[in-house]
């Protein structure tokens, strides 16, 4: 068994060892060992040239990553949290996403940007938000949300290999999670959603940290004789419409779990996809289980109340199947 | 106040048993709605209402047998819907401004209109407006509270998936209840619904059979039947059908039954005595030619609903009407008028391979035509024996009204008409 | 003041400046005929800065430019026809019609584009230099930006990062005195821009951006220093734009007198005068250049006119390496 953190580190090691174009940069990725200890030990193995501690200038070090990618490197840029990444949004939206397009296909930006996302650690309103949907909104970049140890490893490899800018959102509650890791197996396409659990009554559609809450909810639901299918979106851009629609076409009910705020969320997008492509399959209104529309509070009970929780998913699923 | 009375569902019907009410007190009904089922000698018949209004009283209990003409229910007429724009929501109605019964709930036409649209019954409701006036908000609230499984009009609260599978399975979503939120019909409701004859219980079939038994016994006892039979060469008719159908889509294609039906109706134009009823010891000529079509039902029942003005309109139109009538007969969705207006009956057992039929007249009609199968038979044409498709047609008629000579001329005319199918 | 350059050198500098000037003058005409749309930021008045700087750079060096980049693109070698076609929005434009006037690109000429987010190109330049340094390339990345960019956080962050990581970036600030319509002393606390870079340990110098020879010399010295030390340098090119910020503006922020005063320092007229007085060139040389340039621009327009519109069905091309739609 391997932790999610170690799986990311293993992938980083593999990439740094095998491809001289690859380097890692970000705040405290070197001597500190990474804010979530993901890159611990890498500085020693690969040196300061390839494991670069950056100044606190998200816009410029993400921009420099874009420039280095344009210049033929394969940079992996770590941004400490999604909240901080907002300082780099100019570079993401105005440069990374448009360079290929704006140049008529002459340039590409093969950059991989990793960042922590999500709440649950009482880090309050500037370190806990889920803004994956902001990124998933933007054509020209790709967005991944690894929910398993295996995906944490495989998706990083795929992101660095990809010729387009790829943004990886690592839920901060997952770093310590343990799971099997097979570094030899051929990984599935990162752009396809996965059925993490099969069921027949309702589809619980989630990504990142919420996948595990959905799986726990599915177990509880089973005890109440409700058979829930859990869909892990995995890729948030492009979205795997096919798998989402196929699952709901089997279960005819959907609960979408998203740690973002409901308004304008990916949950909204999934709901719209279901309305567009699965309308005649729906036997109940789509239910969204999202974070309450408040900044994430510090106090534990308030934070818990704000974030999607297993009980809320169970309740939503029961409402969907008509028993609640 | 309009009265809804036990209808006469046949000239010889004296009384009927109110089998089921399909409405409840306070329901809003519209002209043409089916509001009750009446059991007659001919079976269970749906009866329609000819008023639009609110059911104020149900005066006869289910299972009670009452004479024709007995008042079954009282319907309080509601004025034709008033466009909402003519009266702002919240208007208090003055006695001169509207024909609304002031003894009833106080509500503006717009509110009543909305209530009607939502299927909300306002009787006995105390509104939240001035002097207990019912407001639009009240109606909306009531719509939630009264949320019936079947919403009024065409709007049914049903999930898209449930609607889809209901269509696939032929389940009438107006006839099933919903167990979902707010009474919404969900897939499980559709899947558990009986199709397509959920209302026909075994006992109903038995009741129908006993009613048929009574009618046939009476006919056989009372009517002096005579029979004449004629073999008709269907070669021309079938050839013409093949040719005509070649250019039609499958759905539009004609069957020989429709051709025979039309020919019978046209033949009756010149043989009006066969198109009549026997009532109170005398013959009453019928106004139009409405051929009743004997349709056997699953479970052994038999009905003979009428196709009005069978001799008129195009053949393709008649074909469509016939298809519709048969399918509705089998689904138990006939109108009472269809059950009572036949002026003669046509029964065909050809599909079962029967060569000829000797049918019994449906009283109070005075004739019935029976057709056997169309079969290849040796036939003499121009002195040569050749195989031809031959159909044996039998006329059963009431000797009190016509005689065998007249019957034979009718069959001869029918034969002639079938030799020139293009004119039908 | 003697120029101390060769006749060929002088002819080339003049030719490049005239190419830019005439191309843009024609662009104004085509804009008013609606052949060119969107924003059109003219370089007229600033030609010496671009020509002097570009001539001092090697073909292999990287260029990151701004939305006022027709001059740099043209001197870099992007054909006038491709630039014109790009402004037309045609598929044969240098960015396939996706970019327009503000976004001229050429991969094979290491021209990393016109950038229209003020200051947004600086981190890119830093990254390009980082890549070169890590790969051991002796290349310099020249990054053009205006005085307005010095207001931006990315300017200061980029200077800091380039200095911290010792990256071969040449920062070229084209100070035309206005951040769009806001005068320099109204948008920075210290209007002496060269005072900024030393705070990050970057050598900094100011040069008369209206003097093409002075610019070329200064840039040459700076770029070779960057190449040698692999550390950033900063140059301020003091210049002035004669036309509106974009195609048209009311120019409420400056007086006609001020513009007329600066026009006395027109980089082309002044250079011609000096080159002729130094007997490097003659009027007939100028006439030849003008005739050649007129022909080049006529051909460029023809190239643009002839170009095809990209089919709408291709709209999702160039978003990803492989179309995801």
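By letter and in written order, the chains are A, B and C; residue numbering begins at 1 in each of them.
FYI, a contact is a pair of C-beta atoms (placed from the backbone, for glycine too) under 8 Å apart; a residue touches a chain by one contact, two chains touch by 3 or more.
Since this is a predicted model, take the numbers as computed values, not measurements.
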Most widely separated chain from subunit A, with each centre as the mean of CA atoms: B
Chains linked by the largest number of contacting C-beta pairs: A-C
Approximate Å spacing (C-alpha centroids) for the pair subunit A, subunit C: 40
Approximate Å spacing (C-alpha centroids) for the pair subunit B, subunit C: 86
Geometric centre distance via CA averages, subunit B-subunit A, whole Å: 62
Touch list for subunit C against partner subunit A, complex: 62, 93-99, 103, 105-107, 112-113, 115, 117, 120, 122-132, 134-135, 153-154, 157-158, 160-161, 164-165, 317-321, 324
Subunit B residues within the subunit A interface of the complex: 159-164, 179-181, 186-188
Of all residues in subunit A, those that touch subunit B in their complex: 252, 279-284, 319, 322
Contact footprint of subunit C on subunit A as seen in their complex: 23, 49, 52, 54-55, 57, 59-73, 75, 90-91, 94-95, 99-108, 139-140, 142, 162-164, 238
